[in-house]
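The data blocks that follow each hold one structure.
Two complexes follow with subunit A in common, the first pairing it with subunit B and the second with subunit C.
Up next is the complex of A and B:
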């Protein structure tokens, strides 16, 4: 196995087995983990406690227990999260943090079936205003106090600043990773690319950064080779399970950039330096966020952003990975779709169902899409 | 009151003022004045102060649904790429908007629009939205603003995961009110009239007061009011609460109900066997069916939390605007489960209800995904039976009359068995 392969396998292993990642972390540090539901929790505050922030983004279960609590028209990811809750899969977490930027999450935040304490906070949506930053600072203050109480720790400003630094470094290296992955699709296929992003949710970030750095050094020493397949940008909440990404691989689609909530949206905005305290600067991240269906934007720059990505990466098309029953994403679609049509940008919408085991229909659609490109 | 409305019954006033509100909007457009489309529980006080004519897409969509015209609009939205998972109010409205837009661009009225039973309303020059009933209204209004290239005023009332509502939330909302005022000053090109603003707030409070008078009438047993009527009168508390249209109509209706009560005239001629709370929005395309099915069982609706969304009482003289902020954010579906349950529990108790009907609304995630938990807690606290049915407020394809009938029949049996005990 080459060094690159070895590192990629490490990422894949963590991505495939978050429970082990958590147990290892606990064994090593004597501390446990805190669950972070989508979207945009100030993870730095958890990192500052020394506990491991663990992303909660569903799984690949067949849904049965969740049926009691959620109708069939709830999004696929929250069906998964509910199923896992009912199974007690999250009960080892010391706490769970839930933000509520969509109607589904507002409800989910009120019906956690696991045993861990739940901390809910609300993002302000009139994001242009200074008053929104002030509001979010108060929410973060309360979140911080609750974390301190539950974990029995004190979070100092110095701790937060240190974590901010760790996170900014991680975001920067991941942005570089996205570029390198685009240049070396022969080395980083869609599944490997996803694994690097996914492992990010279960690894302490400075460790993740170090491993990504190692990976990039190895790859960058290789020659860039021309890509004979097509290049695409993927947008949506997430592109899982791996069976879905297999199809990309099979038909020679390289993911040259993404706008997935689980991937690049996480690393889009840094915590800026400044005179203000860390909570305020963390709050500003939300104000500076853009191009996401969950961050209200009356100008809707998402379509433009995606078209810029297409131009920058010379992509052939945008693949819309539409989370089943996700209405915020579904509301964005008609607008950017129209913009794509007007500008002659090719796009294909495929449905993401985390429960899926077979992908024949998507396969046929991707195949004919690629053939017509 | 103008001469024409004198002697009118509440029902006639309702029809008159509903039509007048649409006419006002058309007249404003014809004069070249501004028209605003607004979310149903967004504060109208600012726009009304500025003399802007208001149109309410949710009410408009409900009307289209009730007149069986929803499918045509849904079809247009579908062609534009709107998934059937998006709220059907929103889809009906986006469909309607696209048709109006086409009409404005081509000068020709699309056939679907010409044949639609929809009340004619003009395209907006600006929109205002508020997420106190759902975040869907943020997404929907983003799209309106972008597709029409017009300003969008956002009043964000953060989900109250912890009650009581914190001061910092009220400050944030009040700041947005002030921001909306300055946005409007720019849009209208003239200063905000604070004196008028005071009057508009007072008017709004008078409308709300009369609205609440009506709602209370279902507390009596037997009840002079069937709460299905609230679903109809709701159109005015949504669309005209900052005008005297709403106050005049509601006062008349409340007076009529009081007189009926005194005279012993009841909604079911006193023949109510059981009383229910209806949780959720009405099924507009099947309003008649749902009403009749319940009535046939002798079941009267004496509780409904939905019309209570417009119990927007606040201190009209509070210059900090915190009181107004609180009124707009405390909507029960914008609060934690515990508070939501308490509000509903009050409605069940005040309405002296024997059971609860939960609408599992395919369109409305926020008003559906906590049904199970809400129902279980209320059952535990009251021992009252409940049923849930699948429906949708405007997409007729998501409601099955037979299922509804079976469910409410089962409920009636449970309620009667309970009472026999």
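Up next is the complex of A and C:
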């Protein structure tokens, strides 16, 4: 096994077994983990406590118990999270942080069935105002106080600043990873690419940064070879499970950039330097966020942003990974679809359901799309 | 030169044999699909009708839900590409295709050269498909081939949910128990299928001519409902169940010519 393959396997192993990642971290540090539900919680605050922030983005389970609490038309991630809660999968977490930028999260946050304490906070949707930043600072102060109380720690500004630095470094290296993955699709296939992103949710970020750096050094020493397949940008909440990404591989699709909430939206906006305190600068991230269905956007820049990505990467098309029953994503779609049509950008929508075990219909869609590109 | 297209669908198997990419020498349908004896029986019928054998085929292309399970093909091509190819060959003015098959529905937009500009498929749900009509026909104590006749006699369409086959079945049973006219329920069922399929067509934008294909296009009640929903004329493809197989046979012809040119025949 080459060094690149060895590193990629490390990412894949972490992505496939978050429980082990948490147990290893606990054994190493004597501390535990805090669960972070989508979307855009200030992970830096958790990192500053010395506990491991663990992303909670669903799974690939057959849904049964979750039906007691959620309607069948709740989005797939929340169905999975509810099912796993009911099974006690999150009970080892010291706390769970839930933001509520969509209706399903708002409801889910009020009926958490696990035993871990839950901390809920709100993002202001009128994001353009300075008052929005001030409001979010207050939310983060409450979040910080609750974390300190639950974990029995004190979070200093210096701790937060150090964590901001770690996270900014990680976001920067991941943005570089996206570019390198686009140049080397023979090495970083869609499944490996996803594993590097997914492992990010379960690894302490400085360790993740170091491993990504090591990977990039190895890859960049290799010659860039021409790609005979097609290049695509993927947009949506997430593109899982791996069975879905296998189809991308099968039909020669390289993911040259993404706009997935689970992947590149997480690394899009850095915490900027400045005179203001760290909580204020963390709050500004929400104001500076763009092109995401969860963040109110009166100018609808997502389509333009995606078209820019197409131009920058010389992509052949955009694939919309539409999360089943995700209202915010469904609302955005007609807007950017029309923009694509006007500019002649090819696009394909596929439905993402984390519970899925069979992908024949998606296979037909992707095969047809590739045949007609 | 003979080429063959086989469309192994979820509910039926279709085979078309073409001579020189133009003349249809066999077009056969067996009403069972992938995982059954259907594909083999459809093949045997096509060979018998044409007097040809597998050895006479310069190329074979498989399409449909079971395309990868059919091993005797030179190539597998998706049913969207094949329906587009077959329809454009039959109706060159087609720009919007509505294909309703056994377990899925599709809306396909074509450009002026027959290329696929965009397509939309139903999600994982039987509502708005041939399977939906099978279920409803059983509840309504009739057969699928008599639905159009009943629809024509109806004075009104009783609204039926287009969201879910199971709920719609309950609705139909409820209407029957209330003594509502059976023909009106059938017309409502057709309207329900049409609204689901038209939703896909609206999503991608409509352009004339609109052509319906797939097994459900044989049901004139659904075709009328689609025309009402779209508020425009709808052309039914000749032999709508075999357009996918025809497209596959046309692709096979192109493949055979390519192989001949490359000396791979």
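The rule we apply is simple: the second predicted complex is superposed on the first by the 373 of 373 C-alpha atoms of A that agree within 3 Å, B and C clash if a C-alpha of one lies under 4 Å from a C-alpha of the other, contacts with A are read in each partner's own complex, and residues count from 1 in each chain.
Please note the rule applied: a contact is a pair of C-beta atoms (placed from the backbone, for glycine too) under 8 Å apart; a residue touches a chain by one contact, two chains touch by 3 or more.
The structure presented is a predicted model; accordingly, all values stated were derived computationally and were not measured.
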item	value
Which of subunit B and subunit C A:49 touches, first, second, both or neither	neither
Touching partner for A:163 - first (subunit B), second (subunit C), both, neither	neither
Touched partner set for A:365, first subunit B, second subunit C, both or neither	second
Partner contacting more residues of subunit A (subunit B vs subunit C)	B
Which superposed partner A:85 touches (first subunit B, second subunit C, both, neither)	neither
Touching partner for A:353 - first (subunit B), second (subunit C), both, neither	second
Shared subunit A contacts, counted only where both subunit B and subunit C touch the same residue	none
Subunit A-touching residues of subunit B, taken from the complex the two chains share	80-83, 85-87, 90, 94, 131, 134-136, 138-143, 145-147, 151-152, 154-156, 158-162, 166, 168-169, 171-172, 175-176, 179, 336-337, 340, 360, 362, 364-366, 368-370, 372-373
Interfacial residue positions of subunit C with respect to subunit A in the complex	65, 77-81, 84, 104, 115-116, 118-121, 123-124, 205
Interface residues, subunit A side, partner subunit C - complex	324, 341, 347, 349, 351, 353, 360-361, 364-365, 367-368, 371-372
Residues of subunit A that touch subunit B when the two form their complex	68-71, 73-74, 100-104, 106-111, 120-126, 129, 131-132, 134-135, 138-139, 142, 293, 296-300, 322, 325-328, 330-335, 337-338
